[in-house]
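Paired with chain B in one complex and with chain C in the other, chain A is shared by the two complexes that follow.
For the complex of A and B:
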């Protein structure tokens, strides 16, 4: 059986699927990274993405244009992120509660809105056609190279965008004035305030950026990954992204690697579930198992220093 | 009429915080152009509050502020900065993970196209550092630089934003004697260039040394303005506290008995590969106060961390009454009878969002006395808190007040109240009177002596040379992670002798130093 799994992992379509599966998690993880850097915990990623997934398909359908669909998802993402900001920063509610509220509202809210706007119940399968989905691109030259071409070419536009965004977020955080302010606000907001930085404004900005990423992530799910909207579509990706943010130590590149790890686990699950004699329950737990293992490894590495000291001490006694 | 002599006029300032504390009650505060003006007063007198209003961080409930002859409404620091006001806060306002240069330009970043021009930021930092003779390492991360340099970064931050009026809220509280001397040179230099400086400090000597005039506050009111040269230290403290203060401590000769704290061959190399503790050995006995003197950064901080298991040494042993401390949970250490007044009160001393009551019972809430079956006995807890607040003269509304909202000095009193009242056998007091007014300092010192005479062993670490010399029965000097000298009797010491050992110019023989182990 292990042999079977081994041969699967080394197939190009498996590696290809890792990137496809990683992209939405990565979008959400970047959303978490930016918000967390500004000291705001956006726990509402899951719910915001669900709203975005819905409006992405709806607008694409209304305008018969996938691009406008994606842009609308982004706008909706920003709207809900700012809504959380409004409750937390303006009305002083707890930001975690505001996030939870959005998450809870999303599952019922999307069904309601969908029905209200279209009369459809629960999913949009009837509304979408392949031309309303996010298109894939063949990268010239690259797609001629064996293996590499199969893995890297032919992804959806947004998959590439996700990985490019890692770099852009890094630039934003470490090379621009707004990034410096975001980091300062997140670390010591009194210090930032005392030099005249508008702390609340910066937090809104960070939330808005995280909203953009939720929009892209949500649109990716409904307009490419699942090809239509239903309420179970996000399936915990918003929460996995929070874990990816933490495991990546809050850095964009770190978050990318942890997202890839989750992507790998998910891809494996999809593959292995086809094999005879493997418990499907066990397999569906795999991505979450990987989350836990990742967390343990991370915690262990920070503990190492302390352990080394203790070991030295014992030696000396 | 614009009065050109005064740069700052604050008239009839009232400030009532949202929790009902009237921190300022009709304060008049006038500062002349180009002077160094001291603002003095007990902990909680309202000094920081008054200055926060001048810097736009708080808004006065009533009263008017006139800067450079123009009536202003300072709604935010941004507005204050635009009026040429800069402030160095009582607690540092720096972002630790950013570099010095990044902290300097935060909020006014130089840009090249879309990006921050980091090179320019470094240039700006270096230019200002040079112009004002405040040397800092522009590329170092703030987390890595010593407090003295942090203080300079804070001053430069104000200057680079064009401040002509500088507010310094207890800038010397965290500085060593040497750093203070250096800072004063720089302040005089600034004054000569036409800057106006408002200076808050509890150290009377410093005030006498550097300021031109002073305003004294008490209980949220101004007690008048004085020419520094016309007023004596005694008079100042009487005006502040309302009675005479005696800072020299009367103490009987110590009669030390058994060893309580035993430290042997402690070694520690930090993550920058600096040897912070080098075969350090000493003992503290029941009934004595052992002082630790030395320039900050010579191993004091590391030692204290090890004594409370906040850090683990590379080698060596620490025992309290024969019981091992290394690797022992803090709760167990406390059960052994060790109490700690930490240097960094905001991080290790208190939970700032908790109430006074929660903070003072945090080490004893599980005691029988405070529990009725599975529940707390709230009456007993309230009674304990009220007693401590009264005993230690914590200025607050009641025990429910959030500790973070107390004035700096009163936060320290809360820490001291808890640590002194838990029946300790060993007290580790790291800068116990930092940022505390003369009245409270007197109180804490007396209390320390009293406890030691009752048989508590005290390890006193202090950057205030006078304090260690005065308070300790015997004393060690730290230099480079080693003990450079041990003095059994502190009454024969003077500043100069100490200075030689502190700067590493002199060192006692190993036999002489070995005496501190009492073996």
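For the complex of A and C:
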């Protein structure tokens, strides 16, 4: 049994599938990273992505253009992220509750809106055609290299975008003025306010950016991964992303690695579900368990560091 | 008029305004997508209680039955959120509680009427123990209980599915389900008929009274609420913050587990959930509508059941999908939770109260002065 699994893991199509499965989680994880850096917990990722997935396919269908579909998904993502922001920052709703409300709204709301706009019930399979999906790219030269070419070439455009975004988010957070402000607000909003940073505005910006990533992630799910929209399409990826953010210690690169871990576990699940004696359900539970363990280890090590620092301080005094 | 009375009236007006906004949204959507909007509206608002112009008792029973699990989860959320812990594992606890209770009812049946009590208690107790995990991670390591509880939901779901599919499935059935549990393990029906209204509803009301008493009349309940309001204050006034937080989560777990146990043992004769049932999330909405006050939980739960049944009936007889109810619920939820919604109006009320008080005092001194 283990040999069987082993031989599967070292196949190029398995590694290829890890990247494909990771991409949407990574988008959502980056959304969580940016929001959390500004001290905003965006638990509404799940619901926002579902709305984006729906409107991505719908706009692609209406305009018969996949690119406009993706852009519309991004706009919808920003809209819902700002909606959460409006209730949290303007009307003093607890941001976690505002996020939960958007999640509640999304599960039935998407079905309703889909019916209202198109008369379809539950999914958009009748509306999408292959030319409305996000296209894949063969990277020249790279695709000629054996193994590496099979793994890295031929992904959807957005898969590459997801991994490039890790780098861009890092630049945004650490090399730009706005990133500095976002981090300052997240670190200590009163201090940031006292030096003239508009805290509320920065939080809106961070939420809007996280909405952009939700849009990309949602569009990826409905316009490439599942090839059409249905309500179960996000399947907890928004929540997984929150975990990936926590496990990745709130940093873009860390979030990428924890997203890859989820991608790996999910790819493994689809692979082994056919093998006798392996429970695909238990394997599905693994990444969630690993997350909790990862969080505990990280939290425990931070705790110890803080304690040591405090002890050092006392000694010096 | 006393100040607290004024605030109560304000809260009522605010709630009515939130529901009003939501109804406006519903109205707009219905007019957009229905050919016969007035008929759809009638089904949504009136049909849950009146069919063909006469009062429908059965429909009322159905709504009370549907409100039973969300009373339990609403109470659970109420206790957990009161300690300012965003523990969302209630969702998973409902599924686990139902599953464990069903297994207890199948394999540990004594054949007496103690069965149902044992099954519900075991199902609830397992969930109570489970909730210690996110609580401990929070108080000992200061890691987000929200993330860990969300992860626990999925772990529970997959582990339950694993045991359901591979160990406890009744192979003779077409779809995956357990063997039927003992008749003595079923929660008995409260009324005859098809409404599925069981004694579970009565238990839910009893729990409401107990939790209300606990939260407002005991030292522990007071500590939970104090910690929710200001954790540092609670700590410096000598409360055992960590133990109180853990206790509040254990109670929440117990109630969530009970929701699942009572629902499964009352509504079905075998365990057949293949997915998280959603009562945990609805419980959050119920708790928000009840302003985290246990006494209002049954009213809020009934309101949600009424709304859901109204939309279901509307979808059955008119051309409006019932899923719209999620949008309406979320809108009500958002405005109820928005602290600053109508805060200007509250400000006016407070100012009016202060002025009245001043005027009264002035009048008093004037008359006193006159007497001298």
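Assume the second predicted complex is superposed on the first by the 284 of 317 C-alpha atoms of A that agree within 3 Å, B and C clash if a C-alpha of one lies under 4 Å from a C-alpha of the other, contacts with A are read in each partner's own complex, and residues count from 1 in each chain.
We take it that contacts are C-beta pairs under 8 Å (C-beta built on N, C-alpha and C of every residue); 3 or more make two chains touch, one makes a residue touch a chain.
Computed from a predicted model, the values in this text were never measured in an experiment.
Q: Look at A:116 in the shared chain and tell me whether it touches chain B only, chain C only, both, or neither; answer first, second, both or neither.
A: A:116 contacts chain C only, not chain B.
Q: Please work out whether A:239 is in contact with chain B alone, chain C alone, both, or neither, and reply first, second, both or neither.
A: Touch status of A:239: second partner only.
Q: Between chain B (first) and chain C (second), which does A:97 come into contact with in this model arrangement: first, second, both, or neither?
A: second
Q: Once the structures are superposed on A, label A:180 by its partner contacts, choosing first (chain B), second (chain C), both or neither.
A: The first partner, chain B, only.
Q: Looking only at contacts as defined up top, I'd like to know whether chain B or chain C touches more of chain A.
A: Touching more of chain A: C.
Q: A:195 in the overlay: touching chain B, chain C, both, or neither? Say first, second, both or neither.
A: It touches chain B, and chain C stays clear.
Q: With the two structures laid over each other on chain A, which partner does A:170 touch: chain B (first), chain C (second), both, or neither?
A: Touch partners of A:170: none, neither chain B nor chain C.
Q: State which residues of chain A lie in both footprints, the one left by chain B and the one left by chain C.
A: In chain A, no position sits in both the chain B and chain C interfaces.
Q: Mind listing the chain A positions that touch chain B in their complex?
A: 171, 175-177, 179-181, 183-184, 187-188, 190-198, 306, 309-310, 312-313, 316
Q: In the complex formed with chain C, which residues of chain A make contact?
A: 41, 43, 87, 90-94, 96-98, 100-109, 111-112, 115-116, 121, 236, 239, 242-243, 246, 279, 281-282, 284-285, 288-289, 291-292, 295-296, 298-300, 303
Q: Can you check the complex and tell me which residues of chain C touch chain A?
A: The touching residues are 29, 32-33, 86, 88, 133, 137, 141-144, 146-148, 150-152, 154-155, 157-159, 161-162, 165-166, 281, 284-285, 288, 321-327, 329-331, 333-334, 337-341.
Q: Quick check on the complex: what are the chain B residues that touch chain A?
A: Listed in rising order, the residues of chain B that touch chain A are 55, 57, 76-78, 81, 87, 89, 92-98, 102-103, 106-109, 111, 114-116, 157, 161, 312-316, 326-327.
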